[in-house]
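Paired with chain B in one complex and with chain C in the other, chain A is shared by the two complexes that follow.
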Partner chain A sequence: MSTQVLEASPTPPQERPAKRRRPRNRLGPPWLFVAPALLCYGAIVLYPSASGVLYAFTDWSGLGGWSFVGLRNFDSLLHDDRALGSLRNTLLLTVAIVVVQNGVGLLLALGVHARIKSRMLLRAIFFAPVVVSPVMVAFLWKYVYNPAPNAGLNGVLGAVGLGSLRQDWLGDPSIALWSVAAMVVWQYAGYSMVIFLAGLEGISKDVREAATIDGAGPVKRFRYVTWPLLAPATTINVMLSTIGGLKLFDQVFAATAGGPGYATETLSTVLYKEAFVFGRYGYSTAVALVLALFVAAVSLVQIRYLRAREDQA
Partner chain B sequence: MNRYRPRTFALELLMVAAGVAFLFPVYALIVLSMKDAGQIASSPLGLPNPPTVDNYTEAWSEASLGSALLSSTIITVASLVLLIAIGSCGAYFLARRATRLGYGLYILFLLGIVLPFQLGMIPLYNLFSKLELIGTYQSMILFYTGIQLPFTIFLYTGFIRALPADYATAALVDGASHFQAYTRIVFPLLRPITGTVLILNAVFIWNDFFTPLLYLGGSDHETIPVRIFAFVGQYVSDYGLVFAGLVLGAIPILLVFLLLQRYVIKGFASGLKG
Partner chain C sequence: MTAMNSRSNIDSRLNRAQFLRIMGGLAAGVAVPGLLSACGGGSGDSNSLSLVGVADEKGPLDVLTKAYTDSGSGITFKTSYAPTDQVQTSLRAQLGGGNAPDVHALYPGSGSAMSTTDIAKAGLLADLSGQAWTSAIPENLKASFQHDGKVYLFSSGLTVIGTIYNKSVFAAAGVQIPKTWGELISVCEKLKAAGKVPLALGAQTQWVTQLITYALVASHVYRDTPDFDDQMLAGKATFAGSGWKESMALYMDLRDRGFFNDNPNGTTLEQSTAMVGTGQAAMAVQVAPLLPAFRDAATNKDDIDMFPFPSADTAERVYTWSAANVGVGVHAKSKNKDAALKFIEFLGKQENINTWCEVVAAIPLKRDASSKVDPALQSFLPLIDSGRVAPVGSRWPNAEVQPTHFTVIQDLLAKKITIDDGLKKMDEVYRKSS
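So, the complex of A and B:
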């Protein structure tokens, strides 16, 4: 199951009715089965997305008429410090989230996979934030990041004698982006954990016992046995967190709204503001198109690269 | 390897410490929600003394969470029913039609997993406002059905392909209609994947924020995340009240999670949705 995404790549259909030249396959389900899905998907996703692509090349303001402006929106994007900054922020956030969320997720998975007594309870605790609304998690973390010296994280740092590390976590432009990343990691590390855990459970005990008998210690066992066999889980985790990071909106919108200044602005918050605050619909869809291309490109590159890694393992 | 050794105990201590640190925000959430403004100012992180439930009663009525709970439930349940109904039979067609066209259609559906919804966000909003659907349950139900179909079809198609076609064929040979063969034979066999589809889509729809804010913000049909967002905006500095609202808003889905823990974790571990 967990490797399905990799099998989704083009494999041509195997069975082919052979008897007549144009057989009416009466045993295959009729078109009526797919018609509602096609209709709904077409109306809600395909048609609006295609229009979105079209509007990216216009000066539409949301009201009244529009005319084609060629690549002007993309040209303005290249000269828009705010949009470029948001692109940079989005990429930095994504890299931070992918690395830390999966690193923490892997450590948690290894921990709760071991024979400790609290493993079932800990699994539930680490996973619970995944099912809660990101907006609510962001509001909770807004308090954790409270700048007051005796509240939230600062209060804890003070209580354990690390008062010098107190920060204005979301108000200081140089660290706000990393604070947002930490909040996302807190919420979704449990998600990476359960996927790694499923991978760990799929590794046969015999393999590890064989390595132990051959004299491999825990580090070598992990490096040469466990880690290569976790490749499918790593693939899925990296893909999920990359796409999630690129599209990040709810958490930023609720915690910082892109501020202070533009310090935590992402592609998603910029395109929201362009459309619904400044009324520049054409420009906003150009930003959306850039985001779409990034997501699509990253997905394709990752699928290729990570599949190659799996083949080696 | 399987015995509980001193090293296992050390790991246990380490993991429990990690769990406690992880729970700090939740601790803050709960103690603050049970304090009045004075206690929050004087000792924000100490235990509430005495604890109060006033924040909870006030948050429940001020945020009208009862009606938000109803809206969220209606939208989530209706979207799931539609998604499972039209997604599974669409996938059945795609999995069993071994033609070039059937395969092309499958790829067309998969494209929807990669496309960010923001690309079509504004044209779709305009379409819904032309149809006068903004502010209605229908707009959200249609939206979720469309936007989650690619992922739903992807999961179902993979599952159906691995399923022998013989059962349905036998029913057809015996004179059942395609519809009968599907509802009586095929669909019941899909139960495991239907569980995964149900859990992943339910969590996504229940917690989704941006589109319901756009379509339902300010109407009587606001969902829980939208209601909480407005509520927090209104009482932003009153942490006790805000946190009571957050606890109340998170309880329904956390309760479902605790009851169905095993299935939820299995669903997330096997599926692939971010």
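So, the complex of A and C:
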């Protein structure tokens, strides 16, 4: 019977098989699932954030009343050496973190993807720092960065005959920023590793075997097969580490509080201090707004570029 | 097949409905108590006072709130304590949001997020002027307790900056307590020759950077110009054109002579405390409330003692930095204001002032026969009683001057800027509106 029906009314070639459609007059289940979370997110994050934008145009001190000051806060920001210095530091930190964290993460992922016996244990060890609170990590690294010649990292360098490399890791303004970056990379390289690992697991063994049969060595296999197919994982890692770098606060504040001088001040530490230390909530909101727009702009540009790369791959 | 699909759809709808009900219930369960607790603040119960203090106040206030409850006052307390920066952040948000605790931590003078003048200006502090203990406030510290002639801060006593030192290191090097700047230099040279760090400096902990400047400025600015703060506020004086310059030059002279530990900018307060405690270093310029921490770090607690920093050429010209300790204020809009004010009156009784000061190694606002001043602070009493004190830094016009001073000192220690550059920067920040 069904054969007869099919013969009697053949499906026109231009028509696609009928899709299961949900009734339009009902809120579809996916939205119903999302609604409670969206409601909470809107009430707790979106609404306060949007209403907070207003304060960027005021002289609010956090106490009592306020008045509109137009664009004065933004004008001050453009002439604020400390804020501009912190922007430079933030960018340098972000670049360092994105490059090194993802580089190390990729190497770790390739290492623990190999068929070695202890790979599960190593994965757990490399990921372990990610679950530690960033503030705790900063406090621990303050011990590692103890400037005394026989303590922490300096002690280790001395013990292995590299005493000449001893540094005042957090106290020397010329290297403090990089010391903070190293701390962040140590903590989050495992995070990048997990994402790259997921990407590696998704690459078909057949593709690599085909490349091997075609005579590609390990380097060529990585360059022409693995690396292009890791593009989606790279996009996610670069995006997340960029956003994380641009809004970096906990580790910097706990390790150096922006010092020595302003050597490790980031946009986030500046906006924190402006609000909660100096009581200039209006100006601080202006800094926060600029930071948010900056992060959004950088992320958009990045995602466009990286998505294009994925399409090529 | 069709029947199975229908059955499956019904099942999934039912499951979804159940799921959503469960999730809705969970969300409400999580959100409602959160919202209710977020609206909390003043206790609202006339027999209970909410009190938020900084960690330094926990010791004395634990004792005194219990004593007040046990005294038959009928008042109980809901207390919470946290480190200074956390308390400053949360208290200011609570004050701005209209749900501040009945009694809260308050810093003397002006120039910080929770300083007396700044909060009083916003009309958020209750007037304590009529209370008996206020008559004991020393004349030269009144500005720290007041705004527009009214007292808003309760502080039990004074704290000082001085030189905490390890007596066994002094004895081993054969040196005596220096009384003048020249003697200090000589003592430091002998200690250095004996292989000890003369002065431990943990400048990575930013607030520590200011202590040597304040100790020097007390003698080099306020001794001859006691109204320096008034002159600064009136725009008639500058940091760059005052004894601040000489003070910073002397500070950096100590650096150039190699009297500090290596890499002070990378050394934390805790590391510098341990250096003195273990005898690796001989001295540290510090605030008196840190005496217990130095004693805890010492092999023998009795090795730790303190003397006024010899900041002048003759002993008679030495002034010391001294200021009111962090204290408490009463929220002006508290529903329990009367009960809170009575509690402050209780704190102001001599025996309670004594108790508070004993716990935090402070010098009571007024002393009587029962006052027990920490033996390490005895050498400061003649200076305090003769008015040779200066509360440097307690009347900054905005909260940015002090942190700017921190960064200037760190940059000077790193030889990144000159003293003139640093003071110019401080003058610029001083002139910013609050």
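To be clear about the criterion, the second predicted complex is superposed on the first by the 274 of 313 C-alpha atoms of A that agree within 3 Å, B and C clash if a C-alpha of one lies under 4 Å from a C-alpha of the other, contacts with A are read in each partner's own complex, and residues count from 1 in each chain.
To be clear about the criterion, a residue touches a chain if its C-beta (ideal position, glycine included) is under 8 Å from a C-beta of that chain, and two chains touch if they have at least 3 such contacts.
Being a predicted model, the structure only gives us computed values, none of them experimental.
With both structures placed on the common chain, the touch criterion links A:F57 to neither chain B nor chain C. By the touch criterion defined above, A:P36 reaches both chain B and chain C.
Look at A:Y283: by the touch rule set out above, it reaches neither chain B nor chain C. Once the two complexes are overlaid on the shared chain, A:S241 sits against chain B while remaining clear of chain C.
Put simply, more of the residues of chain A are touched by B, taking chain B and chain C as the two choices. When the two complexes are overlaid on their common chain A, residue A:A257 makes contact with chain C while staying clear of chain B.
When the two complexes are superposed on chain A, the residues of chain A that touch both chain B and chain C are 29, 33, 36, 40, 62, 148, 276. Those residues of chain B that touch chain A in the complex are listed here as 1-4, 8, 11-12, 14-16, 18-19, 22-26, 28-29, 32, 44-45, 82, 85-87, 89-90, 92-94, 96-100, 102-103, 105, 107-110, 112, 114-124, 127, 142-143, 145-147, 149-150, 153-155, 158, 165, 168-169, 172, 178, 182, 203, 206-207, 209-210, 214, 224-225, 228-229, 232, 239, 242-243, 246, 249-250, 253-254, 256-258, 261, 264-265, 268-270, 272-274. Interface residues of chain C, counted against chain A in their complex, comprise 16, 19-20, 23-24, 27, 31, 85, 88-89, 92-93, 95-96, 112-113, 118-119, 122-124, 203-204, 206, 262-268, 271, 398-400, 403, 406-408, 410-411, 413-414, 416-417, 434.
Interface of chain A with chain B (complex): residues 1-2, 4-5, 7-8, 10, 12-17, 25-31, 33-34, 36-38, 40-41, 43-53, 55, 62, 108, 111-112, 114-119, 121-128, 130-136, 139-141, 143-144, 148, 150-153, 155-156, 159, 186, 191, 194-195, 197-198, 205, 208-209, 212, 236, 239-241, 243-244, 246-247, 249-250, 253-254, 268, 271-272, 275-276, 281, 284-285, 288-289, 291-292, 295-296, 299. By the touch rule above, chain A contacts chain C in their complex via residues 29, 32-33, 36, 39-40, 61-64, 142, 145-149, 168-173, 256-262, 273, 276-279.
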